[in-house]
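The structure is given below, and queries will be raised subsequently.
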Amino acid sequence: MPSLVTAIIKPFKLEEVRTALQSVGVLGLTATEVQGYGRQGGKTETFRGSEYKVEFVPKVKVEVLVPTSEVDEVITVIARTANSGKIGDGKIWSVDVAKVMRIRTGEFGDQAI
Amino acid sequence: MDSGSLTWVLVSAALVLFMTPGLAFFYGGMDRGRNVLNMLMMNFYCVLIVPLLWVIVGYSLTQGEGNFIGTLDHFGLKGIGILGEDAGGTLATIAFLGMFAAITPALISGAVADRMKFSAWAIFVPVWSLVVYVPVFRWVYGGWLGDRGSLDFAGGTAIHVNAGIAALAAVGVLGKRKGWPEEGHPPHSMPLVMIGTGILWFGWFGFNAGSALAANGQAVQAFMNTFLAAAAAGFAWCVVERVRDGHFTNLGAASGIVAGLVAITPAAGYVSGMAPIAIGVVAGAICCYAVRLKNRLGYDDALDVVGVHFVGGLVGSLTIGFFANPEYFGADFMEGLFYGGGVKLLAEQALANLAAIVWSFAVTFGIMILLKKTVGVRVSEEAEVEGLDLSEHAEAAYH
Amino acid sequence: MPSLVTAIIKPFKLEEVRTALQSVGVLGLTATEVQGYGRQGGKTETFRGSEYKVEFVPKVKVEVLVPTSEVDEVITVIARTANSGKIGDGKIWSVDVAKVMRIRTGEFGDQAI
Amino acid sequence: MPSLVTAIIKPFKLEEVRTALQSVGVLGLTATEVQGYGRQGGKTETFRGSEYKVEFVPKVKVEVLVPTSEVDEVITVIARTANSGKIGDGKIWSVDVAKVMRIRTGEFGDQAI
Amino acid sequence: MDSGSLTWVLVSAALVLFMTPGLAFFYGGMDRGRNVLNMLMMNFYCVLIVPLLWVIVGYSLTQGEGNFIGTLDHFGLKGIGILGEDAGGTLATIAFLGMFAAITPALISGAVADRMKFSAWAIFVPVWSLVVYVPVFRWVYGGWLGDRGSLDFAGGTAIHVNAGIAALAAVGVLGKRKGWPEEGHPPHSMPLVMIGTGILWFGWFGFNAGSALAANGQAVQAFMNTFLAAAAAGFAWCVVERVRDGHFTNLGAASGIVAGLVAITPAAGYVSGMAPIAIGVVAGAICCYAVRLKNRLGYDDALDVVGVHFVGGLVGSLTIGFFANPEYFGADFMEGLFYGGGVKLLAEQALANLAAIVWSFAVTFGIMILLKKTVGVRVSEEAEVEGLDLSEHAEAAYH
Amino acid sequence: MDSGSLTWVLVSAALVLFMTPGLAFFYGGMDRGRNVLNMLMMNFYCVLIVPLLWVIVGYSLTQGEGNFIGTLDHFGLKGIGILGEDAGGTLATIAFLGMFAAITPALISGAVADRMKFSAWAIFVPVWSLVVYVPVFRWVYGGWLGDRGSLDFAGGTAIHVNAGIAALAAVGVLGKRKGWPEEGHPPHSMPLVMIGTGILWFGWFGFNAGSALAANGQAVQAFMNTFLAAAAAGFAWCVVERVRDGHFTNLGAASGIVAGLVAITPAAGYVSGMAPIAIGVVAGAICCYAVRLKNRLGYDDALDVVGVHFVGGLVGSLTIGFFANPEYFGADFMEGLFYGGGVKLLAEQALANLAAIVWSFAVTFGIMILLKKTVGVRVSEEAEVEGLDLSEHAEAAYH
């Protein structure tokens, strides 16, 4: 049974995370530009002298399907690479997946990843 | 008109035509992405309808006898040819002035952004042009205000103060945008704002220096003044922001440049030396504070037409009373205070602007009330939330 | 065990939802611009006089990790704030999460949220 | 109990997939622009004569809430339509959902879909 | 050439140069985001290769004796100096005309958008310039068509009809885009379209009024006509859309403006008064319907080169037969129908366009067939799906 | 100055003003989306502060006696009027040259992109203008280098070589961007780059042909040369890329056009016939390779100011030594090698550039070191990662 590991990370860490995952044998992933709100707080922009608070900061969401047995390793790898020690580094979570299929071949399960 | 001057007037006219798209981008970039096409359309619409109105009837009404309004002698350009010694000079001037007529109502669009019904705007523009722009233009150029001695080189009173105060009247009737002022309305594309700014500055050389209607020393002086006042005002606005808010901003630079251009417009052919720098610095600093008035006074002038065009135009127009330098015109106009002329010119400047303000505000308010009672002036709340691009124009800016 | 609550809402409701969640103690969330297709139907644009139907309408997806015990409260809060009573208001769903980790600290579980 | 079916597909297949799902009675879905990394490999852009590899290729993520009983059908329909037989066609997976609610009506469960 | 006219020709030349980027943005904004750079490149390419061709051989082939083609007497600008009384007037004119030569093939790019191999385009442009543009230009200006009395002030027949019909021939060989017409192809950036529109209108003053090749009354009249026809056509297009489809749209305004500019191009120096407004209204309304022909007839003219440039150019060229006003030129050219001239001029206009249409269509079709059989004209289906920016240019527009 | 020439100088000045925004978009589009406003601001800032500096003291320091620096006789435009026979010709020229002064430091911004503190830039610009630009300008125009016989029509040495080598000195002190060169820095908006390119080419006609300071044959020749060199260089760059890397690219076309414009700048008024094509081809091909030097030599010139402006300017300036054609100027300047003039002119060209290079590099390096030791020249690493738009200007380009 595969799992889906999702991580919210800082955008400039994406390249590093991708490379690190690749080096532990992860062959694919999907990334999405998202907006994060959290302890990190937003940023302040000015507009003709009026300040306004932008509550959301840009983040990237990384989604990786992995065999459940590898979830811990993948989480560790992401955590290590995405960590800058500063507030706003993000979260990682995993969810059990009921079914996975590769569209091209119709394969199911861990083979499909 | 000699061929050099003819070329200058034609080039200037083309430059001023280019300013309306420039203004559209300046405003449109500041707008949100779901309203930008409505903004562009409000501006482009002006340059579609007003030129026709201008050559058919508007120009004629600014000419001939009459202290308050001209005649219909040149209805449909009757009697205007290109032959003879004039060699098309008059026709070139009419084209040049047609560009001014087109951009003036476009200035107002920045105030009513994000909520005005396009059908109301489509009626507002020609009506306003005829009953506000044309008479005020006449008063200032060849009518009772001009005759009394007030000065307005390229349209500080006739255009910027006029459109700026009309913008205030219009938003008075229209009301605030949903969510204003709590919600921020950040510019959806600052590069578009800066494209507009670049075009505006470029075009404004035609606007101001072209108003000499000849390639002569006065045109050169107006050119130099346009250059220096814009730079000085942009710099002043940036410095105020840096000191007050901590940063040099692009929107500050852009706003300051425009404020300086507005302020030098009435004065461009009457001042010289370092005066344009002084005018620019004053205008840039004052407008940088003036754009905040709306928050204090509670009128939702979305893109600061009042703070930049009304205030900037007024500042510029009044500074003529100090800096006017008769050297540039022959002795038949009054000196400014700093050139020994006393307060007479300053008083005339104040009067001229006052007259324009009263007329423009009152009549604009009336037009808007009439529109409100008939076609309605405001889009539905739903349309406002969804964005006017889709609801008013069935278009989307980006795909 | 935490859960992941996901909501598809109308974009202009985001600010309200964020504030409402904040007021019930939710400290973070992740928002994504998405395109929704549903009963609401699309919109019609014109292009040189030809009309074409844009089937998708802009929506925002909000994702919130919460302790499972708070799922119901969070759903209620979102539903209340995002409701405009009009078609297209969107959906909320929750999924059980196997593991959660905060990248910065390495904490797991409800603490990581 | 509903499930959430997620598919990563090629962008130009979205319209076809939407229509196919519609024809089997799926009334709504949510689409997101994402960036995919996988066997397909990236593309090479040039920039003043220097080549650089863009590892990610544009993909679309489709999310559909369905009654669990229909998961297999939905997967089959998506797979059939999104298949071009070429590398990079993407993945489909499903996850069990704990709760679903329609914001407008407050309905829960399969009715909410 | 006197210094005023020299300035006017140089300024006009610069304005026309600016039009090719303007056209690129007008088209590029309408294109989808994955093909926009291919569109920009097709346009910019024209302004890289054609100027070289023009000064080396093209210009020369439009000059000298010869009803159908000129000579090689001015090969490599031989014999063209800047000294003497002419003071560079001829060289300035050659530069001015070089801008026209560059933009003409660029017009065609809008039709073949989204699917043409860039290598084929790279060959098409110089070949087409030499075997289609140069001869037709010669016929119209100084060759057999012009000699018979037909009129084309700034290139209605020689440029717009010519390129417009060539576009039809080109897409005839190229075929439809995958998914056309079922799939909509919405403009990826309307602000970019409007930037292009603004630049085009601005530049077109040089295109038309510069074609007087002097700063004189005819230039002024052409300027005013360019102003009014564009406004009138933009307005007419918008009104048709409002009545027919329910909205004023930006793309409608932009398309109408361009249609009006195209239509007034041949007529600009021959009509006066309110005639440009009439021409604009007619062109705007007709083109607004003409762009729908492709759906009915099944040719995939992606960005409506046929509907706007061919139809608009033809409409404008034929209206000369009605509105031509000999007052503007001296008596050595024919009056239009409305000025008592009978159908003679109209017949000549029809003949001139017919000749251009036949030649341009046939030769363009031939070139495209040859290209198809050799390098191929169409990108792979995969490349079409992925977008031409990446497949043809290894670039992406936005990051 | 006669009215035709006056018009030409004014139009040219407006065109050059427009180039600074053009440059801002050219650079800004190439930048990433989180640094684009910083880039725009660096450019717009130049056109706010430098004009004031120029009329107050800069212009004066380029005039009068003095081989190395002028005098303060015209401090604050003292003694410059618009009356009399000159009719404002001098004032127009001062405005025209003020545009040059503004854009020169702006060129440098492309090199220091993405990492320079804006406060350091705000000081750098006026200081550099006074201690580098003004003296070098003086040497070349009316000072010791010009007196020896070297030629620089519109600022190849004084502007492009000068700013280009200053850029190298600046990045020498500033250091590389985080992640350079491993990380690619793709242009965030190629359409913005092409908008900039279009504006630059358009404006450059004023830059080069306006430098004749009259509407005469030399202006026409400079205009034609500007047209042809840009086309030829753009074409050459594209061909090199096609052959070497496999594709025609938009960025290649844009870069080539700019390289050609840079190269023809010093030569525009001294060469003729097919020479501009030769100069363009050489410059386009050389610069296409020169932009790769930075990777080999390890200096992070972000947007290739060295490879395009320094190398292009140098190539153009040296080609004068071959192609200079005295026909254009009267006999009081030297012939190029190909016109029988021997290597004398070439040697003078080399010397002039060497002098400019040494001075500019050394003084710029000194200014940067001083800035580094005082206000600091580099933003924090965090700010660099987050983007300078937000950290330096509290603005975001897109919402």
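We call the chains A, B, C, D, E and F, going by the order they appear; numbering starts again at 1 in every chain.
Everything that follows uses one rule, which is that a residue touches a chain if its C-beta (ideal position, glycine included) is under 8 Å from a C-beta of that chain, and two chains touch if they have at least 3 such contacts.
Note that the structure is a prediction, hence the values are computed from the model and not measured.
Least step count on the touch graph, chain A to chain B: 1.
In terms of the stated touch criterion, the partners common to chain D and chain F are A, E, listed by label.
Listed options A-F, D-E or D-F contain a single repeat of the A-B interface, assigned here to D-F, on the basis that more than half of the contact pairs agree by residue number.
Simply put, of A-F and C-E, more C-beta pairs touch at C-E.
Mean C-alpha positions place chain A and chain C at a centre distance of 18 Å.
With each centre defined as the average position of its C-alpha atoms, the distance from chain C to chain F rounds to 51 Å.
Between chain B and chain E, the centres computed from C-alpha atoms are 34 Å apart. Put simply, the C-alpha centre of chain B and that of chain C have 45 angstrom between them.
The set of chain A residues touching two or more other chains comprises 15, 32, 45-47, 51, 54, 95-96. Residue positions of chain E touching 2 or more other chains: 2-5, 7, 11, 186-187, 189, 195, 199, 245, 247, 249, 251, 394-396.
Contact topology of the protein chains: irregular, matching none of line, ring, star or complete.
Applying the touch definition to all chain combinations yields A-B, A-C, A-D, A-F, B-C, B-E, B-F, C-D, C-E, D-E, D-F, E-F.
Residue ranges of chain F in contact with chain B, taken from their complex: 2-7, 10-11, 13-14, 17-18, 20-22, 24-25, 28-29, 36-37, 40-41, 44-45, 47-52, 55-56, 76-77, 81-83, 87-89, 91-92, 94-95, 98-99, 118, 122, 189, 192, 195, 199, 392-399. If you check the complex, the residues on chain C that touch chain A are 2, 4, 15, 18, 27-32, 65, 95-104, 106, 112-113.
Across the complex, chain D meets chain F through its residues 45-54.
The touching residues of chain D, when paired with chain E in their complex, are 12, 15, 43-47, 51, 54. Per the touch definition, chain B reaches chain A in the complex via residues 184-187, 241, 244-245, 247, 249, 251-252, 255, 288, 291-292, 295, 304.
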